[in-house]
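Two complexes, one shared chain (chain A), two partners (chain B, chain C).
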Partner chain A sequence: MAVVTTTPSTSPGAAAAAPEPERRAGSPARPVRLLIGAVGMVVTAWLVCNIFLAFAYYPQWFAGSGILIGLLGLIVGIGGSVVFFYFLNLCIEGFPSRFSEGLIPYAFLLPGFSLIAILLLYPTVQTIVYSFANKDSTAWVGLENYQAIFGDAGFWSALLNNLLWILIVPILTVAFGLAVAVLADKLSATGERIAKSFIFLPMSISFVGAATIWGLIYAYNTPGSPQTGLLNAIVVALGGEPHAWYQIDTARLNSLLLMVILIWLQTGFAMVLLSSAIKGVPEDTIEAGRMDGASEGRIFWQIVFPQVRPTMLAVFITVLILVLKVFDIIYVTTNGRDSTDVIANLFFRKLFVEQQAGQASAVVVVLLILVLPILVYQVRSFRQQEANR
Partner chain B sequence: MSGTMKDGRRRSPLAMIAMPLMVILWTIPTVGLLVTSFRTREEAATSGWWSSIFGGGWTLDNYRGLFENTSMGSSLVNSIVVAVPATVLPIMFAAFAAYAFTFMRFPGKDVLFIVIVAVMVVPIQVAFQPMLDLLGPRGLGINGQFVAVWLLHTGFGMPLAVYTLRNYMATLPNSVVESAKIDGASHFQTFWKLVAPMSSPAIAAFATLQFLWVWNDLLIAKLFIGGGANKTVIVDLQQMLGTQGQGAELLTAGAFLSMVIPMIVFFSLQQFLVRGMTSGAVKG
Partner chain C sequence: MIRRPGRRTVLAGAAATAAAGLSGCLQNPDPNNGGGGGGAQKYTEGDTPGTGTVTILGAFGGQEQSAFEESLADFQSEHDITIQYTPDQDFTTTIQQRVGAGDAPDIALFPQPGGMFDLAAQGHITPIDVYLDYDALAGTLIPGFLDSARLQGRVYGAPMRMACKSLIWYPKKAYEAAGYPNDPATMQELYAIADQIKGSGIAPWSDAWGADQATGWVGTDWIEEFMLRVHGPEIYDDWIYHRMPFNAPEVVEVFGLVGELLKGEGNVLGGTATILNTPFSEAPLPLFAEPPQAMYVRQGNFVTGFLPADILENLDEEVGVFAMPTWEGGFEGQPILGGGDLAALFTLNDDTVEVMKFLTSPEFGGPWAQAGGWLSPHKTFDASQYADETTRRVFDIAANAQVFRYDGSDVMPNAVGGGSFWTGMVEWLQGAKDAQTVCDEIEAGWPS
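Coming up: the complex of A and B.
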């Protein structure tokens, strides 16, 4: 039974253009199904929740074994959600088809959206609320937290660093990614595959692992003793003095060196997306350029580049979002010393070291305001993309 | 170095010089770690790792010490226990939601999907304090247990999962679903029998991304599991980073060990990852 939807005509739904399917005979309400479905859903949800809580409360029931808990978690989690969706479907089908057709979409969305609501939407609101409360969230303090963080030079220094990260890292990542993608495209197929694998590899490395790796490059030994850090060894070999790189905040050199780590990690990601964009450029547009006698450089800048630009923008935004939240690298290397602090690390310190929950929340609200323009941009470009679909 | 390649394109001397250089530059840091992890503490403290490539003096003691004297072995197991369910659990919920967004028409669809697009950008830091209240001793009291991080990663991964799967499903031929509908299949059956299997490349792509993200995560693991018996390798490694003197030589071996599993996953699922990323996961 087809239902009259009230979807606005601008809806880009994939089904929008499809012809109405043959009308199926409407079915009446089936209360037994409805009841079994509803009861089944509740029982399943109750059971799954309790088993999961048991993992936490009574690990001894599972011999304290992480592996057993993990396995059971997988089985109960997957099995539970299958059974839950089964009963959900049964329950919905119990309604007269007039209702069920309209209800099913929401039923399918319910579990996913509940999680998003509990883990992302509610906390966002709660954090904004906490930012107006005192350090253990027991009394209102108005704007005091904001006054405290805005009056703190450390906050502005962290903000400046975030700004530098934002200005430098995404652009360099995209630039390196593009350079590698273009150059690799000119190699033989095997050469390209091997080269790309090596540059892509760091994407699987954690920030903590990367910090360990780069620690071996930036390591410092007192002058005179052999330098175990690659960078200082090179500097000394060239006749210079070794430096404790992480402590040099002149021109924020230490922050720049930390940015190198992130660029190293992310270039492979940019390369993969840009490479496939370059390969997607229609051959005949390039051929046309060649016919007109354009140089390879001109062909790249005037024909390939404009067609790759949307992908560059997408990569740029993705890296930008990552950079705004950058935390691990700073936390495990300098922990914000020597003017390397960033907003996310400041938040961590406020919340867990200084136990200032109110101020920590205010710092997150600042972070939230920083991502707001990107959020608006993402939503707008999504709508545009959908309109063109 | 001139001439043409097998496929008829002209060789590019610039690329043939620049690319190997880039590859070497990008690989040296990791090689340094790998080499150092096989050196004794005295050697690592008195000479650069590059001097031992030809100099010898290799040892497996660091790796042996890691398993004998640290919690790295059990941390590895913990990481698997955290990462596998946290990767698999979001998929089911997200796939149903993505199906609804792709193949159904209902009021509020646009708004709800825009919520998904929007929350992908929201920094997860917003969730920490409220979630510590909710899961900590003041709430459910499950903080420090695997369940807590499964829940968090399932929730935090949900927007990306829905977005990726929906973008992929939108490329599936609509006629398949329409004909199933005409044959009298319910949405539930269409999902199970047709759409879910057809979406497996996108599911594999999301799973790879989510696994790497969960495995490599420090923040959530540190805050919601902590440094106790259930700690993950990354937290363990972060704790080792702070140690000086005795045991410092184990750090490089530990770091390398923590990378082995994600690297295997990464290389074996690389094609899916690339295909998934290029066909929707990050399409702007």
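Coming up: the complex of A and C.
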């Protein structure tokens, strides 16, 4: 954004010109500046908001032209924020300089922080609040929603599935990603490029698209008729009977088959990051290992692996958080039938099909509580990495 | 590394306080007071002049949209009214949002009555008796349509299109070559023919329920068809409007009857696994295999859209259809299960009333009937306008029905009709749960 274009944050020059006997370090408060800044901020915000409302309410003022409105929107939006920050700066400078120097960074963080507050913190708190209210959030019901979901076998089944997804998908994704990255590294430059492109390709497919593609692999046709599903075609060619894969919940086979889809999608992501990490391993450390006569396996496990571990962890946690939110794949394939339900799908069904806002909120609050430790861990390990630099 | 927990704590505290301050209250239980519609008792032309433009929101796009617009072209030039039709895939949600935000279209075409009732109850929709000739409409419409748009004594929408579900399709050439009769008077007679077909070595029925996240809706149609035939329209209405519990013995009995048909050994091609794992659009395909693998598919009139191209070209020679017959010992008249788009009025003025009059009249829809895939809900519609004999046959079946009833799962609350009823059907067909358990669970989940 245009934040950087503001005037220098403090202007001791003007203040220093006047004879100031008391203190060298700072300037006193300048109420006029403060006032102009504050009023300017309010007026700018008011004006910008109303211009945007006018776009919506009175398109005829702008000749009903979408292009004109879009252009004006850009100008008013960007220009407005520049002007807003100018007045903000002015206002802060009005404070005594001791004060304003400390305030400036926070003032500039404010817009970003308020966006987070409005879009993240407010809905979070609201959800927690609504989890204690009834189905259309009009009356308090205490812990009834939590009792309802904890007493529901479907909830525990979904929780178990989420646990399986968490345990299996991130580890396999990282393992496959690492394997591909290491093996591709041994190829010629062209070979590596082609191999990596192909493995990265699924990343650009949406979850719903991927579920449709894999639907062709898991498809089931009546025994005796030609099998259009790849998996069943193979099974039948080998002399077996076709199976309705999505319906087999013995040992959660159907959930495992759904996990394959996500692993297929995410391996490319893991590969790209891990591959660059492997390339970043200093050649001299490997060279040193070779000099000492270490085998390729030993070089990998004892020299390369420790150096790419932080990246692996980052990939692992990113995929883990993705898996916690997994929804689309389940929704379009089984919609949670045959014990494949997961928390996110359960939430969607509670809210949009059963219209039980209270129970739906309770379900996501449970999800939130489950995600928190992982988030805390990630933030902490990130900070540690930063500190180690 | 210097840690300054003090500042961070203060910030987090401030954030939490701000968020709590913004959110720590409940929503207004009745946010939509007032708004359009409601008030007037009888509208006479000239009360409110129109603006010359009428906006319509509906769920269908693509070919259907162009056929719809074509059907309105002459009307627009005659009356000097511009109609702006907006299709929306997610109509059910969009209409609620737009009306809630005070941005209702002039007219909305509801594919299901449920969403219309919600808005009518909030007073946003003008009942049709205010501006349409109710008696004339009731005289030409297939009986039952207006009843399904009635809320607390007043009718809020009039049908603009009909879907007919109680149809049994068969591969005409193979079926007639084998000499099976195509006019069974009762389901029991149909079962006797089905047994003959079974004797010839193929399954009589093909059925498919697969519809991604909506899998199971075909099953709800089976239950509704049998409820209507075995117990008659009155008990059917009691059931869909929840005047009797979902797990009443009548319903459980019907699950049993449908189960005998669908789960019976050799009755349906491939058994329950095929039913659940085949997309509903592929159900008719085995009928037209060489040689046919099955003879009957029960599905609505829209199923012709999924037929292979070479069959579709010679629809009248290749495909036969008859009404799903009555149940011996059940309701005597021929009932038809179906659906329709209900036109409902949000803005009352001369132009919108004019458009509503035309949309809900038997004169509407000629070009759409030509284009195919559309049925008029009026008995008096000029059937010669339909593109083929099969459509005319379907229209005859619907027009001659003694009773028309709306698809029950469309009328039930979404939690049931678009949720537990669907999943319950799947669990029941798989044999994971018996009929009583499934019905008990659906009843328990019925929104209070």
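Methods note: the second predicted complex is superposed on the first by the 280 of 389 C-alpha atoms of A that agree within 3 Å, B and C clash if a C-alpha of one lies under 4 Å from a C-alpha of the other, contacts with A are read in each partner's own complex, and residues count from 1 in each chain.
The rule we apply is simple: a residue touches a chain if its C-beta (ideal position, glycine included) is under 8 Å from a C-beta of that chain, and two chains touch if they have at least 3 such contacts.
All figures in this text were calculated on a predicted structure; none of them were measured in a lab.
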By the touch definition at the top of the document, which applies to A:Ala360: first (chain B), second (chain C), both, or neither? first
Scan A:Thr138 for contacts with chain B and chain C and give back first, second, both or neither. second
Determine, under the contact definition given at the top, whether A:Met291 touches first (chain B), second (chain C), both, or neither. neither
Looking at A:Ile369 after the superposition, I want to know if it touches chain B, chain C, both of them or none. Which is it: first, second, both, neither? neither
Which partner does A:Tyr331 contact after superposing on A: first (chain B), second (chain C), both, neither? both
Just chain B (first), just chain C (second), both, or neither: which does A:Ala251 touch? neither
Of the partners chain B and chain C, which touch A:Leu121 in the superposed model: first, second, both, neither? both
On chain A, what residues does chain B touch that chain C touches as well? 113, 121-124, 126, 137, 225, 331-332
For the complex, give me every residue of chain B touching chain A. 5-7, 9, 12, 14-16, 18-20, 22-23, 26-30, 32-33, 36, 44-50, 74, 77-78, 80-82, 84-85, 88-89, 92-94, 96-97, 99-107, 109-110, 112, 114-131, 140-142, 145-148, 150-152, 154-156, 158-159, 162, 169-170, 174, 177-178, 181-182, 184, 186-188, 212, 215-219, 223, 230, 234, 237-238, 241, 251-252, 255, 258-259, 262-263, 265-267, 270, 274, 277-278, 282-284
Okay, in this complex, where on chain C does chain A touch? 1, 15-16, 18-20, 22-24, 26-27, 29, 212-215, 269-270, 273-274, 276-278, 286, 293, 413-415, 418-420, 423, 426-427, 430, 445, 447
Quick one: in the complex, what on chain A touches chain C? 113, 117, 121-126, 129, 133, 135-140, 219-223, 225, 244, 246-247, 331-333, 335, 337-338, 349, 353-356, 387
